[in-house]
């Protein structure tokens, strides 16, 4: 069966290492914060200028001057630092963030990503996404494997305008965990009960399938 | 008679306006701080990261962490701010300093300045001088009009390696105050008792002399 | 009165000199840390054909969004816009121009503008629509695009506290774009919640040194919250 | 123990991994705010052929000057050097290479290095020996030169206080080049006068966020004064 939103977040959380500075995009990536494994500490970077994002505030703690990049009210964790947008993107662009997790419309075998613009629809802007994908060494893209109409989002060439070129190495979909290298998707894990055949069928870009593809397990 | 060091400082101080942010170079320029006219307040910028330099400390106040760009112990004036070298030169390069005063070996009719390097002698470095002359709109260069051997330092073309190109508009020597424009030095004032003839003789670059050249007066 | 006293006592004075067709750089992220009263003053003045450099364009009835009502904005340079209906309408009708700029590039363009750096290279946007028409150059085997800096005729900034000399500190994440905006205006106006005497702010804690600031005014602020999210206590 | 605990307990550990031929970026201006014990540790290790990026090179028996004794420095990238006799001797003998860089350009090169900006344009040095061989480009009628950023294998930094997560604040003008140096090292080592617990430094007052810092060590400091100038009280 396809992974639930929570399972996607759980699987991504396994990529976290103790001491990681992590930027989580809006949507499913935000849920990762709920599944940080025992014994591991990470610090969340919010690109509006906060390193060490804490939980949402209680009613009493709400403060208009304390928000995250999703414009939600938040708190600062112990040991947090707060700084300007220029400093925040110096961190991001300079490659100091250990892991970035974000959503996308499409990725392709060359590590290109399209996530911000659908021609013909109203364009609201890229926000910090282009900086995040250009700056990070270690990025996980999370998305559904195919559209509702069954069209693959893992392509030979992205069809939508790009957010970044050649920068994506890991993709987690609702069906599989894949790595991108040498111009192909490499199937690493599949969702519980999802067959390799289904993944092959729903992957338009070149897919390398090893002899054994382990199934993800969830507690 | 040629101006004394103190008179040079006094004359420069007349260029100060209330509310000016000023960077004073090492040597004679530093003395300007002693002659700030009544009713005028200026803030001194020290390029190592201090805006609002105060007087030297008393013995009791001395603090190794509080120095100026000449590496002298100083104090912070009321309302001072302290910041990094990058921020300090953002101010300087960005043209936010209202007046810069510095010494030089040579200037020429095109506003070029040479102040940091004499080939064949040991080169210690330009420090912040190149940034200061490139960043400021309003610069006063102060120097002796001629060398001890009588060779002019106000030239058609600088002979020494430049500190900056086309950036100097005002020069105060021990003999005269001059402005540089349209490829010439324009004589504006002369030191008390110094003849226009002497200034003409000691100025190698093109010199424009108006009908009347007022004499500087000192209290 | 000291030549360093930047305090003005009315919003008319604060925005005096703003003219049709000018470029205004504004601090703020979403509705957080926006100079709300300076924006309201621009609304009141009715100045037209303005170009705004700001990460966002407010919402329908708050922030820069209120300048859409009388079509005061000609162009937005922003990373994310369209949280309001009027914006969308004017954009689709071709009455409003938008130059979408990645958030980090936008912050750096403002900083560079204030710091006398006319252009810099970044990998952000290479190979995307943002990079089209821009110079591409390779450094150490990687491709970068050249981005030019931004300066404004005015910068409008929201601080927390300022002293009368214009030294400013910001509160929490209301800092965001404000310090860079402050450096990049020919005339920089800062509105704050509290004005203190010189010497009351610690020199090493000042975020924006007064050298960047031309006018300071004390305001009172609504500080509207865009996404009110809470946990149970 | 948290993965964010950056504290090390010996100078050996602090500088572990430094190898011959590496590039080290050092904070400090003159003898103010220099990482004096980290420098002393490099002396002790005897590492050779080092390139140092630092505004100055100390004096004969203090600061980076002490690394000249055993000829540990191959090259200095600095704005002002030569406050010591040994430096002069090695320079004239061709045993030491110097790349003189304007002070503001040097600060910006470090910042750019840490911020993922491979190059920027500045008017500083145009038309001078510093501009020779560098690309010249005109923006708005003025000429600028392209300067490339700097990063180091190590950055050595002197802070005032740090928390165990590596958040650092600097004291007065001992800040100088330290914040930029901190961003530009593959491994950034900060020595401080006091280590506090996370939460003790106010988030908006932190000069260097811990994300840039790999190791923190508490030292004791001589803090030598170069030009002792006083007034009568």
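Note that the chains take the letters A, B, C and D in the order they are written out, and that residue 1 is the start of every chain.
Definition applied: a contact is a pair of C-beta atoms (placed from the backbone, for glycine too) under 8 Å apart; a residue touches a chain by one contact, two chains touch by 3 or more.
The chain lineup, named per UniProt: A, B = CoA transferase subunit B; C, D = 3-oxoacid CoA-transferase subunit A.
Bear in mind the structure is a predicted one, so any value in this text is a computation, not a measurement.
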Each chain counted as touching chain B (CoA transferase subunit B) and chain C at once: D
Between chain C and chain D, the fewest steps along chains that touch one another: 1
Chain A (CoA transferase subunit B) and chain B (CoA transferase subunit B), separation of their C-alpha mean positions in angstrom: 55
Whole-Å gap between the CA centroids of chain A (CoA transferase subunit B) and chain C: 29
Distance between chain centroids, defined by C-alpha means - chain A (CoA transferase subunit B), chain D (Å): 35
Where chain C touches two or more other chains, by residue: 108, 111, 115-117, 122-123, 171-172, 175, 203-204, 207
For chain B (CoA transferase subunit B), residues contacting two or more additional chains: 50, 76, 82-83, 89, 92-93, 134-135
Chain pairs that touch, as defined at the top of this document: A-C, A-D, B-C, B-D, C-D
List of chain C residues in touch with chain B (CoA transferase subunit B) within their complex: 2-4, 111, 113-117, 163, 165, 167, 183, 198-199, 203-204, 206, 209-212
In the complex with chain C, residue positions of chain D that touch it: 108, 112, 115-123, 137, 139-140, 142, 144, 148, 169-172, 175, 203-205, 207
Contact set on chain B (CoA transferase subunit B) toward chain D in their complex: 46-50, 55-60, 62-68, 70-74, 76, 82-86, 88-89, 92-93, 112, 117, 122-131, 134-135, 161-166
Chain D residues touching chain B (CoA transferase subunit B) - in the complex, by the definition given at the top: 29-33, 55, 78-82, 88, 91-92, 98, 100, 102-108, 110-111, 122-130, 143, 160, 171-180, 207, 223-233
Touching residues on chain B (CoA transferase subunit B), where the partner in the complex is chain C: 17-21, 40-43, 45, 50-52, 76, 78-83, 87, 89-97, 134-135
